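Structure first, then comments.
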Amino acid sequence: MATKKQTPKTTAAPAAGWKYEPALESTDHVRFEKRYGHFIDGKFTAAKSYFGAINPATEEQLAEFGQGSAAEVDTAVKSARRGYEKYWSKTPPSERAKYLYRIARLLQEHARELAILETMNGGKPIKESRDVDLPLAAAHFFYYAGWADKLQYAFGGAQVAPLGVAGQVIPWNFPLLMAAWKIAPALACGNTVVLKAAETTPLTAMKLAEIFQEADLPPGVVNFVNGDGRTGAALVNHPDINKVAFTGSTEVGRAIQKQLAGTGKRLTLELGGKGANIIFDDAALDQAIEGIISGIFFNQGHVCCAGSRLLVQESIHDEVVRRLTHRLSTLRVGNPLDKNTDVGAINSRAQLDKIEAYLGYGVEDGAVRHSAPCPLPGRGFFVAPTFFTGVAPAHRIAADEIFGPVLSVMTFRTPEEAVAKANATPYGLSAGIWTDKGSKLFAVASQLKAGVIWGNSFNRFDATSPFGGFKESGFGREGGRQGLLPYLEVRG
Amino acid sequence: MKTPAQTNMRLTVAKTYKLFIGGAFPRTESGRSVALRNRSGEFVANASRASRKDLREAVVAARKAAESWAGRTAYLRSQILYRAAEMMESRRESLTATLVKAHGKTAKAAEAEVSASIDRLVWYAGWCDKLTQVLGNQNPVAGPFFNMSSPEATGVVVLFAGESSPLLGLVSIVAPVICGGNAVVACSPIAHAPIVIDFAEVLATSDLPAGVVNLLTGNRDELLPTAASHRDIDAIGAVGLSMEEQVLLEGGASATIKRVWIDTDRTSSAWALADHQSLYRITPFLEVKTSWHPMGL
Amino acid sequence: MSVHNGVVRSAYHPPAWKAVDAVAVEARAAALGTRSIKKAAKLQGLLLAVSMIDLTTLEGSDTPGKVRDLCAKAMRPLPGRSDIPSTGAVCVYPPLVAVAKEALAGSGVKVAAVATYFPSGQGDLAMKLEEVRRTVEAGADEIDMVIDRRAFLMGDYAKVFDEIAATVEACGPAHLKVILETGELQTYDKVRFASQLAIDAGAHFIKTSTGKVQPAATLPVTLVMLEVIREHYFKTGKMVGMKPAGGIRTAKDALKYLVMVNETLGDAWMSPDWFRLGASVLLNDILMQLEKERLGAYDSLRYHTLG
C-alpha cells in the first residue's frame, strides 16, 4: 500500500544579521626577547640604559630596548666603518647581490612571524602587515639585490662608487618596510649602514638583525642602534658618517639639514605630506570612493603620502559624501591582530593626542565632522576614522599634516582650480587623480608638484617605483633605478 | 685735458652696466654703483651692485617665468638654447673684446673662453629633449599599472658664480639649470659686470622668454643670506663658497628644504675641460615624478 | 506609447555611461575575498548560502525524473539535518516547470525558469513573450530572462530596454531576473550600463550569466552590479535583487559572495528574497563543509547525492 505524498518538511532561511566572528591571528609561534640593546658588529650588544616599547592596541609593554648613547652610536659607526673597509668594499658585487637575495628569501620565510610582530608593536592591521609591508620589504631586497652587480649600467655609462657609511633614521609607520627601503639600496651600492629605528617600533628591526645573522652577512655591514631622537641626532652628526638618509617629519628633516650644513655629508630626506586626492565628475565613482578610503585610512592614516585633502568637483560633492558616509559605516576598527580589521590602533598616545586635537580644531574652525559609527575597543589607542566636510583651505585640518585617519573634503569647479588647490601647500609628496579621461589625467598629472602621482589609484607601492617628494616633502628617491643615486658617487 | 671738439675725436658712448631682470635691464633699485677699473687702474665702467630687493625682484620674475618655461616642449627649449649659442657666435668678437678690455684677458684666452662658452651652450641645448629619456623610465611594477618616472624642473634656482671665470663659469652653471626647465637668477661678482651684461644681451635677443634667466652682479656676502632664507626659491647652486658660506647657505636652505648644490671654483681653462659639462650638473636641479596608471578594460 | 516603471518607453533615454575602473574594482573584490569567516559566522553564512541557492539544471538531457530528484534535494538538502534550510528555488527549462511545481508544492521553494530564447536570446520578441506567459501559467514563480546581446552590442539600447519592460509585463505576478550574460559584454563599463538599463526597465533581480558562457559569474563583475543596485537604492529607495550564476562551485566562493553583499549592500540584502546564487555543484560542497563542522572530519562526496 502506498502512502500519500506528504507536504515535505522544510527549514526556512536563517535570520538576517550576519556578524563576523573574531578571526585572530595566532601569536603562538612568534618569539622575541624581553630586552634588546643594539645590534653592532654582527652581535646583539647591551646598552647602558633601556626604555620600554608597547603594543599600542593593549598598552602592554612588549620588550625593552637600548637608549643609544653617543658612545654606543660611536661604537656602531666604528663597526660600520670596519665593516666597510674590512668586508663590504672587498666583497665582489655579485656576492653582495647574493647576500641581498638571501635576505629577501629569509624575509619571505619569516614573513608570518614578522607581520605579527609588526602588528603587535605598530598597531597596524595584520592584513596590511601581511599583505603589504612584508611582501614589499622582501621585494625591495630582491629588487636591489639584482642591482649590486649591474651598477655600471644604471646611469648611462657613468662611473659609480659607494659613499662609505650611511647613517639612517626611520619612522614608526612602516618600521620593517622603511628599514628595507633604506638598507637594501645602501648595501647594493656597496655602503655599510648604521640604522636607528623609531623608538616606538624597534622590534622588527631586531628580528631583521637576526635575519642578517642567519644570512651570514659580514659583521658591521648593518648595525642597529636603538633609542629616541637624541640617538638619531648623535648618529647623523657623527663625523665618520658619509651619508644621511632620514624619513620622518619635515620638522626633524629641517633640523638635520641644518645640522649637516657644511659637513659635506650627502643627505636625502623623505618628509611629510598633505596629499591631494582629486576626484573629477567623470571618475569611476565607486572605485574612487575606495581610493579615497584607502588613501586616508590605510595604516590609520600614518602615511606620509596619505591623500588627506580630498578635492571633489563641486557637481558631485553630495554624491561623494553620501557614498563616503556609507563606506565609513562598513569600516571595521579594532584589534589589529584580527584578520578582518580594516583600521587598527594609533601608534602612540602622543599621536592619538595630536589626532584628537585636530579633530577639535576641525570643528573649531567651522568644518562638519563625520566619524565612523563603529565601536572602539576600551583599551589601547583608537580613534574613529573621520572625514570633515565644509573644510576651507585655511582650516588647520586642511593645511597641517595630521598623520591620522582624518580626511578634509574640499571642492573645486574646474581642472585649473583643482591643480591650483592641490599645489597650494609647502608639501609635494603625493597626489591622486580620478577621471575616466586619459588626456585629462595626463595633463593634470604633469601640472601637479608632487613626486608620486596616482592616476585612478592611491597608495600603491613597488620596489621598482621611485618614491619621494618635491618641495618640503624632501629630496632624493627611494625605490627603482633612481633610488640608487642617493647611495652612489656618480661621475661622468 | 682736451675736449673731443678740440681734438676732433668722437666722444665714445659708454655703456651702463645695469642688471638683467625679467627680460629688462633695470638699474639696481638701490642706486648703488661701483666703478670698475682694469688692471692698469683705468676706469672701465660703473657696474650695478644688486641689492636684496633686486634679488627679490629677480626671484619674482623667475617664478613668473618658471612654469611656462618648464611647460614648453623640450624641442622648443632646445632650439632656444641653441639660438642663444647662435647669438653668442654672432657676437663673439665683441664678447672677446670685453673679456680683453674689461677683464684683462689675453686675446687668445678671451677667444678660447668665448668659444668654450658657445660650445657649452650647444652641448646643453642638445640635452633638453633627451633628459627624460635618459633619466626617466618605465617601471615594471608587479601589478596591472603603467608606471613611469620622469624628471621635471625643480622650479626657481638661484646660482652664485665663482670669481675665476666670468663668462664660461657663468654659462657652465646657468646652461644645465635652464636646460632642465628651471628659471634662474644668477649672481656674479660685481667685477664681472661687463661680460655678464654682454651675456644678458645675448640672452635677451635669443628668444629666451623674459624671466627664465635673470642676471645680477653684486656682493655674495650680501645676496647669499637673502637667497638662503628666501621662501620662494626651490634650489640654490653655488661655486667656490668658503666653509662659513656653506654653513650659512645650507643652514638657511633647511628652513624650506631647498636643494643645495655646491661646487669648487675653477679657472676658465679648467672650466673648458669636457668633464665640466655633465648630465650630473643637470640632475641636482631636477625632481623625479613617478606616476601610476591602471591598465584594465 | 506606454509607461513602464515610471518611464515613458518611447521617451526612454539610456543611462549615461559611467566608468568603472577595472583594476580598482578587481582589487576591491580581491580585498573583500580576504575576509576571514570562521566558526559561528561560517556556519551561519553557509546555511544562509544554502537558502540562497537557485538549484539549477539546464541540460538538454533534463527529464522529469532528474528534476524530481533535484526538487527533493532542494527541499531537504541533507535528510536528517533539519538545521539546513531549503534552497531558494529550483531553476529549470520551461517544459519542466510543471514537474517542478508539483514536486515542490507546499515547500516554499520557488520554481524558477529560464526563458526568452535562453541562453542566446536570439529570437523574436513576440515568441519570447509568449514563452514567458506560458511558463508563468505553468507555475513558474520566477522568470530568468536573457537580454538581447545582439541589440545591446549594436547599441540599440532602447530595444533591450523595451524587451525587458515587455517581459516584466508578461511575467505578471512572477518575479523577473534579467540575465546580462556579462561574459559576452566583456567590459565592466558595459556591465554597469546594462545593469542600470535592466533596473530602469523594471528588473526585480539582475543576474550575471546563463552559465553557458565563460566567464560566468566573477566577484568583480558581481561587485559592479551590486554597486549599481546600491546607487539605485540611494537614488530611489528601491531595492533590486542580485544573482551571480555560473562558476560558483565551492563553499569558500559562496562565502566570498556573501561577504561582498554584506559589505556593499548590507543586512537588508542578506536574504533569499534579495540575493541568490545560481549553482548546481555548489550545494554539495557546502553540505560537505557543514558535515565537516558537525563531524569534525573532512567529508566525502560519496555521502552526498548528485545534483
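All chains are identified by letter, namely A, B and C, in their written order; residue positions are counted from 1 within each chain.
Everything below uses one rule, namely that contacts are C-beta pairs under 8 Å (C-beta built on N, C-alpha and C of every residue); 3 or more make two chains touch, one makes a residue touch a chain.
None of the values given here were measured: they were computed from a predicted structure.
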Arrangement of touching chains [line / ring / star / complete / other]: complete
Chain whose average C-alpha position is farthest from chain B's own: C
Geometric centre distance via CA averages, chain C-chain B, whole Å: 70
Between chain A and chain B, centroid-to-centroid distance (C-alpha), Å: 39
Chain A and chain C: spacing of chain centres that average the CA atoms, whole Å: 42
Set of chain C residues in contact with two or more other chains: 21, 23-24
Junction residues of chain B, two or more chains touched: 143, 145, 294
For chain A, residues contacting two or more additional chains: 456-457
Chain C residues touching chain B - in the complex, by the definition given at the top: 21-24, 26, 186-188
Of all residues in chain B, those that touch chain C in their complex: 143-145, 294-297
Of all residues in chain C, those that touch chain A in their complex: 18-21, 23-25, 27-28, 34-42, 44-45, 47-48, 51-52, 72, 75-76, 82-86, 88, 105-109, 224, 227, 230-231, 234, 258, 262-263, 266-268, 270-272
Chain A partner contacts - residues on chain B that touch it in the complex: 134-135, 137, 139-143, 145, 147, 149, 154, 234, 243, 246-251, 253-257, 259, 278-280, 283, 287-294
Touching residues (chain side chain A, partner chain C) in the complex: 7-14, 16-21, 23, 127, 131, 282-288, 290-291, 322-323, 326, 330, 339-340, 436, 456-457
